[in-house]
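Labels run A, B, C, D and E following the written order; every chain starts at residue 1.
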Amino acid sequence: MLENLIISIPILLVLSSAVMGFSSSKLTNINAGIISSILVFISFIFSLVIFYYSFTNENSILYDDFYQWISISGLNIGMGYLIDKLSAMMMVVVLLISFVVHVYSIGYMRDEKDFKRFFSYIALFTFSMILLVMSNNLIQLFIGWEGVGLVSYLLIGFFYKKESAIKANLKAFLINRIGDMFFIIGIIMIFVLLDSFDYKTMFSNLKLVDISNLEYYYGFNYIDIACFFLFIGAMAKSAQIPLHVWLPDSMEGPTPISALIHAATMVTAGIFMVARLSPVYIYAEVTTDFILIIGALTALFIGVIAIFDNDIKKVIAYSTISQLGYMVSALGINAYTVSFFHLYTHAFFKALLFLCAGSVIMSLHHNQDITKMGGLRKRLPITHFCFLVGTLCIIGFPLTSGFFSKDLILEVMLYENTDLSFFVYILLLIGALVTTVYSLRLIFIVFYGTYRGGDIKKIHEESFVILSPLIILATLSLISGFVIHTFVELPIFMFGVKEIHYEGLLPFISHGVLSPASVTLIAGFFIAKHLYLDNKEISFLSNKYFKKISMIIKSKYKFDEFFLNCSDFMKATSYFAATKFDIKIIDSFIVNGLPRKINKLSTYFKSVSSGYLYHYAFLIVFSLVVIFGIILARVL
Amino acid sequence: MITMTHYLVFSALLFCISVAGIFINRKNILLLLMSIELMLLSVNTNFIIFSNYSNDITGQVFVFFILAVAAAESAIGLAIIVSLFRARNSLEINLINKLKG
Amino acid sequence: MDIISILFYLVTSVVIISSIGLIIVNNTVHAALLLVLIFFNTAVLWLMMNAEFLAIVLVLVYVGAVLVLFLFVIMLLDIQVKKTVSKKLYLLFSVTISAIMFAELYLVIFYHDFQNSTVEIVNKNTSNTYEIGLLLFTEHIFSFEVTAFILLVAIIAAIAINMTDRQRALRQDPGKQILETKEKRLKILKDDEL
Amino acid sequence: MINNILSFLIWLPIISGLMILFYKRNDAVLNFLNIIINFIVFFLSLILLNSYNQTSTNFQFIENTNWIPSLNIYYFLGVDAISVLLIFLNTIIFLIVSLYNSTLNLKNRNQYYASFLLANGLTIGVFSALDAILFYIFFEALLIPMFLIIGIWGGANRIYASIKFFIYTFLGSILLLIAFLYINSSISSFNVLSFYESNFSLIEQEWLFIAMAIAFAIKIPMFPFHTWLPDAHVEAPTSGSVVLAAILLKVGAYGFIRYVLPVVPLGASSLDMFFIILSLIAIVYVGIVAITQNDMKKLIAYSSISHMGFVTLGFFLIFQLFDSTKIQNDIVVSLSGSMYQIISHGFVSAALFICVGSIYDRYKTKKISDLSGLLNQMPVYSWFFVFFALANCGLPGTSSFVGELLIILASFKTSFIFAFLASSTLIISAVYSLWLVKRVIYGELKAGLNNDIDANFLEKIILFSLALIVLILGIYPDYMMTYMNITLQNLTNNIILKI
Amino acid sequence: MNLNDTLMSLSNFAPEIFLFFMAMTILLAGIFKSLKKHVINITIVSTIIAMLLSFFAYTDDSVFIFNDSLIKSNVTEFFKIICYIVFLIQILISQKYLRDKELISGEFYSLLLFALIGCLIIISANNLITLFLGIELSSLSLYSLIALNRTSLISGEAAIKYFVLSIIASALILFGFSYLYGITNSLMINEIANYLSNNELSNLYLFSYILVFIGVAFKFAVAPFHMWLPDVYEGAPLPITNFIASIPKIAFFIFAYRFLNDNQILYDDNFSKFILYLGIFSIFIGNMYALAQQKIMRMLAYSGVANSGFIFLAIFASLEFNFSVAAFYVITYTVTTVSAISIITFISSNKFDVVYIKDLKGLSSKSGLISVLFMITLLSTAGIPLTIGFYAKYLVLDALVDQDMIITAVIVVLLTVIGLYYYLRVIWFMFFEKGFNSLVKSSGTINLIILSIIPLLIIAIFIFPDFVFSYLFAILT
């Protein structure tokens, strides 16, 4: 029964995708959207059942193969599922947000010509994500991994006539591919070590492997390298420095997509993967330190960029990267459940923020520039409310979901009690301050003050189809933090994590409120209020050193330029190789050159033939003499 | 004492000279024909030498045939030369190189 | 040195010198006459090797017929021979090659061991002509017939090559001229045929 | 009938091809005949696929007649799983090509069809011949129809391309002939099975290997011998390109697996590093060369070379694998990867060439710089194009991924560096495929491109069926993997025994 | 020689004697205006009759006729029949061409028959005299035939070149003969060839053989004795070229076969190397020169030079095998060349001679059949599979490899690849270039059928080659 449910989820999603993709024009857009949403909703219900099952039956793991992908001697790869609490939870989140976005999109995309194509894509995306989440082996994970990347590629380029959109999607795909290249090597390294792609077998084989006696490459442990490579894949997917550059650009896609893919689900695949492979990762000590640093740097430095950006979606995108940095840094201290908790809360409030932004953008007729907004609070009250909820969550206002998850990360970071983790803790604290500043800046500039874009009278709330998802998500954002104990006690797969001191909800709240994070919250509020609500200058900020720093930040640390240079270099190399080496040297000089030489020789021969009878006769006699001479020399 | 080798060497020398005649000569084709006659003459001499040496008359029979054929050859050669001369009004070998390469 | 040797050296030196002369003289008539000289002297050599019949045939057929033919052609064609000088290098080269060729042949012949190789004039009971005739008409009868055909071919060829067609003579035929069309008259020529 | 199925498969298309040469009255009838013949051949190959016994290590459907007793040449046909799959690939591709051809505007339609039918039969001959000379004859004769196809129906520079194609491949194959003759002179048989039992000294094997490897390396083509392929592809008509990429390159790969690896394994293993490096150069360097090509066909041609680099990499890794792991299964994995790559590339490249060809038919240009935003005018085509471009860059779920995965896996077992270089294709292939898509398919429609005709019904069927095959092969590779597993194990045994 | 012998000889040599008779008849017929137009028919009919006579008189045992001047055996009769067939094809195809060139006359056909008879005599010859006379009969007729084309300047030039050089070659052969006669004291070919089985090899014998084979090389046009061939190909009227390219080659192959079969000299390193290197050099020169040619006949001529090189390699290879390899090569080459030249003859019209390769431009669009036939012929000459030419080259390479001459085989093979280019060039002009010359002729059903015979055979024998191989192997052993 349960197996059937599990199988039917991906099947329903593929069905939805195929129906939307190949249906004739008789199916109207609205109907198509409704059908698609219903199918996703059914899947969501199924996933709830599965979720319920896994959380009620302790230590029960659903595991089976649908079919054998490859089964030859020495290599067995199945396509199947492994449902434990982690994946069950993830499935629910994915399907829920997907459903919400489906509904939202019916309203948001209603005027698009390619409405059905859009729905086909998001169904396909949901399918790939489910494949990734429920997978029981690394290959299936990789298939889903690339699948979500593909759909992300297609969706960023959804408005294919826009030059910026098709540039962004290419960039997104290619940078993900860089990650994937390392990822696949990582997968293979794990396979070679553990002799299986299958999680179950892998982890049971792990116990047989003598970790300390493994091969070393350049002074690094085998398992470190493998995990490092896997993590590079995660870095690309979860937009960590320096492979984060694609995510802000990906905002060229339709806004619901930004909510679904580039905030709530796909970008967290990296986190999910590391959590999934946590039994391996705990052996990779060097790599986890690396993960920690990368996460912290991302959390702080990318967050800072958000303060200076004026595109409403990009600000949220940078904030996403920054929040992902928090999750990653939690992974760096093997606090997988904590990271996962933040993933879960973040999914709701970030999706909420994006959808609200979408609502604003739609109301303003596709204006995304926040300098042209302001004072929308009156005209868009529901959106404002929801946006406010989202903002409170992200800045970790007490009792909102963000408060719980972010505080937990900070706590475990402090609790880890090493030099590195303390340093990271400081960075994350500053990050929290930055988060407060940019989040409040956004809401202040957009919803408060006065409207800077023209006639405010024309602006009004969108339809209920748009607003109801906001409300659902807002509710979830507010309450989802209270299930903290579930997460803290969540065993990640068949392996325990480091114990976390958690003494109940109330002590946690009180401890959280009194922590340094609250100071950053208050400080951040005042800075933002001063700067953006009251529009006052802070003299400190007009200091020329700070200007210089802000210039660096505004340039986004030149990462884009770096990748641009890389691609230019590649093009130049390719051009050189194609024209100079391949055509000039191999083709012209050797392949055609040799025949040309022969032809030249031939023409020369032809030109020296005189056609005179006496030359012919002479040649005959000469040859005769030579032949005689040679043979005489041999016989005498 | 004149041995057969003397004769053979003479005949070989005659052959070489006539062969040289063919390619040293660049003036007219008639001389070519004459050189050819000379060449066949040396061949004939060879046959006669061997015929005499082995006391076998067959060699001389061969010479007889060669003589006949050589006469026929001269006839045809002269005919070709006459026809060439009619067409070109010249017998210079230097000018016969339309066909080349 | 016996008489045979003297005769041999005399005759051969005449032949060699005349043949060298033959290939270097400018005048064709002189060349033809030198050829006569060569044939006569060779005939003597052949006589020395007991080939009377062939010696006589050589004189009769060659001097009497073939060379006369040559002279006829020379006179008939009225050839003006321009004095063309061979390139020195080419000349030197050709002479060298011929010399080497001779040297090689000489080596080969010289090192071959012919037993009992003196050449003497012997008196035989049977006539040389008779013996040749006997062989010609018995053993080599087929070859003899073929030779006849070769001569026939020579005759046909000599005539056919130089025959002037009556049809090709320049005469006007008004009826034919009227019927003439462009297609019949025009012929595409290659550059090389000009 | 079933016992002579191979002969039927070979001679049916050849004879009907010759017969079709004499009919030129009605195009519709010609189209119909051509499709029917190709379909029958396809159907026969389906029967072959079905009735082949996967569990047996022997060659099956053997036909052995003493063809030329005085030269010791036999008409010896037989198939193992490798051949069966390649024959199946071959017949599908030719069926698809025949469908595609019937949509074209052609002069001398009957000759065109006849050439393809000849090529069809001859290729099946190549894949099923078990006598070396018979193989060689089919191998060489295959050049003639391809030469004519490129030369007569090709593009502006077709003469250069066709001559280069012919002479270059001929140059290689004639060395092959000498190698066969040499083998024959010492074991006095041209039978492949006796080739497998031959025992040459190391130095002999090395020379034989060089001779044969050059022949097949030109055909595949491997890195320094590859320059004929882009030229041939650019000038060939679309269907010609399809056959060239999907079938002809595979002939070279087939040669390696049938005549080189099991016959002269010692020679191959002593020179394998060189070939591994060439394969890696093909993957990385040729891939990079593909990026800035301005001609779509050239780009795909280079990408073909790059993908075939994987095939040869998989072939030549086996000796290193044997040295480092001594596990036979690893070798089988490597060979399976190569075989899978062969089949997969057949379909993907065929589809890409059909896409490009259709673009060319409509806009009369293959230059990327002349095209942009085709999605606006012909969405169906464009989406197929995008799909196949993605398949070309080895997206999981499509067939290309499977082969690449297995080969990267095998290469990691020998050396980390190999795996690293091989997996760089993930980036490089994505760069050239998707940049192509970006420039051609996406964006605003370029001014001056006018065409309202999207894919017609037949073209939709062609592309859809190809896409379906690519997807099925990607989603369920196990059928094929198991199909050829026994054969590859047997082959591996043969090789290992001789090292 | 008694009457019985004579009658026996006459009956055994009936076809040739009949041809002699008919040659003279034709000559006479040519004189009379009313009969002149029938000379072609008479020639055709008499050739057919001679061929049939030859065919029905075929036996497996060998007979010496005319006091051992001639030999008749299955080898001679087989090659003679091939000569007849080839000759028949040539004269059938050339009618129109000759009529256009106004070359049809009694003497033309009678000379042509004499040339044929000369070659048949070479094939049958058993002693040096008959051999020499056969050579001269055919060559003299051929010089005259070339010179008969009075209207063309280049024909005269070709005639004189062919004449002078050919006589030099004859003289070299005779010079060699004279020494051979001196050493072996015999004019019988088999005695000369068997001389070494009882005697030591002397230098003079070796050099005589080399002189003779330089003559043979000249007749085969093996480089560096090949210069006459391209000039004659270009200068002579096409039917004459066709003859020169084919029938004398067969005849001289038999010549070589007679001199070398069972002869120990083949095992002499110097002589075999002489043959081998001459062959390789010829392949090199032929291919190199052919590459740059613009004129189709010169191109074919140089390709002939290369193929003659292969024939020499095949002769070299008969060291280990027997002459069947060479025989097969000669027959293949002859037949394909005849096909090629016949096709060129056929498409040359009275207004337009096909001279340059580019004259064939777009031929396929005008006449597909002719182009396909020509393509098959060329591919066969190049040695591509599906044609009989493949086996020819295959056998030679096989023989070389069997003698462990791998390097030689590789060199030869690489040179062949060079050669491939110029054959392909003709194909490309026919098939790939657009726009044809409307003056090129391509009609005439009967001629087309005749032209198809050889290409069809080329492919048919490719498919069922064994009976040819085994037959040749049987008769030449």
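Keep this in mind: contacts are C-beta pairs under 8 Å (C-beta built on N, C-alpha and C of every residue); 3 or more make two chains touch, one makes a residue touch a chain.
Note that this is a predicted model, so its numbers are computed, not measured.
*Asks:* Keeping to the contact definition above, tell me which chains border both chain D and chain E.
*Replies:* Intersection of chain D and chain E contact lists gives A.
*Asks:* By mean C-alpha coordinates, which chain is most distant from chain B?
*Replies:* So the chain farthest away from chain B turns out to be A.
*Asks:* Find the two chains joined by the most C-beta pairs in contact, please.
*Replies:* The chain pair sharing the largest number of C-beta contacts is B-C.
*Asks:* Mind checking the centre-to-centre distance between chain B and chain E? Centres are C-alpha means, answer in whole Å.
*Replies:* Roughly 26 Å separates the two chain centres.
*Asks:* If you average the CA atoms of chain C and of chain D, how far apart do the two points sit, in angstrom?
*Replies:* 68
*Asks:* Counting in whole Å, what is the centre-to-centre distance of chain A and chain B, each centre being its mean C-alpha position?
*Replies:* Each chain reduced to its C-alpha mean, chain A and chain B end up 97 Å apart.
*Asks:* Centre to centre, by mean C-alpha position, how many angstrom separate chain A and chain D?
*Replies:* Centre-to-centre distance between chain A and chain D: 36 Å.
*Asks:* If a residue has to touch 2 or more other chains to count, which residues of chain B qualify?
*Replies:* Those would be 15, 19-20, 22-26, 32, 49, 53, 58, 61, 65, 69, 72-73, 76, 79-81, 83, 94, 96-101.
*Asks:* Give the residues of chain D touching no fewer than two other chains, as numbers and ranges.
*Replies:* 167
*Asks:* Which positions in chain E touch two or more other chains at once?
*Replies:* Within chain E, residues 129, 133, 136, 140, 143-144, 147, 150, 153-154, 160-161, 164, 168, 182, 203, 207, 231, 289, 292-293, 421 contact more than one other chain.
*Asks:* What are all the touching pairs of chains?
*Replies:* Every touching chain pair, ordered by label, is A-B, A-C, A-D, A-E, B-C, B-E, C-E, D-E.
*Asks:* Would you mind writing out the residues of chain E in touch with chain C in their complex?
*Replies:* For chain E paired with chain C, touching residues are 1, 9, 20, 24, 27, 66-70, 105, 107-108, 110-111, 114, 117, 121, 129-130, 133-134, 136-137, 140-141, 143-144, 147-148, 150, 152-154, 182-183, 202-204, 207, 350-353, 355-356, 439.
*Asks:* Quick one: in the complex, what on chain D touches chain A?
*Replies:* Result: residues 164, 167-168, 224, 227-228, 285, 288-293, 327, 329-330, 332-333, 336, 373, 375-376, 386, 390, 393, 395-397, 401-402, 405-406, 408-409, 412-413, 416, 419-420, 423-424, 426-427, 430-431, 434-435, 438, 441-444, 476-478, 481-482, 485, 489 of chain D touch chain A.
*Asks:* Which positions of chain C touch chain B when the two form their complex?
*Replies:* Listed in rising order, the residues are 2, 4-5, 8, 12, 15-16, 19-20, 22-24, 26, 28, 31-32, 35, 38-39, 42, 45-46, 49-51, 53-54, 57-58, 61-62, 65-66, 69-70, 73-74, 76-77, 79, 81-82, 84, 86, 91, 94-95, 97-99, 101-102, 105-106, 109-110, 114, 117-119, 128, 131-132, 135-136, 139-140, 143, 147, 150-151, 153-155, 157-158, 161-162, 192.
*Asks:* Can you list the chain B residues touching chain A in their complex?
*Replies:* Listed in rising order, the residues of chain B that touch chain A are 19-20, 22-26, 32, 93-94, 96-101.
*Asks:* Spell out the part of chain E that touches chain A in their complex, as residue ranges.
*Replies:* 160-161, 164-165, 168-169, 172, 203, 206-207, 210-211, 214, 218, 224-225, 227-228, 231, 269-270, 274, 285, 288-289, 291-293, 418, 421
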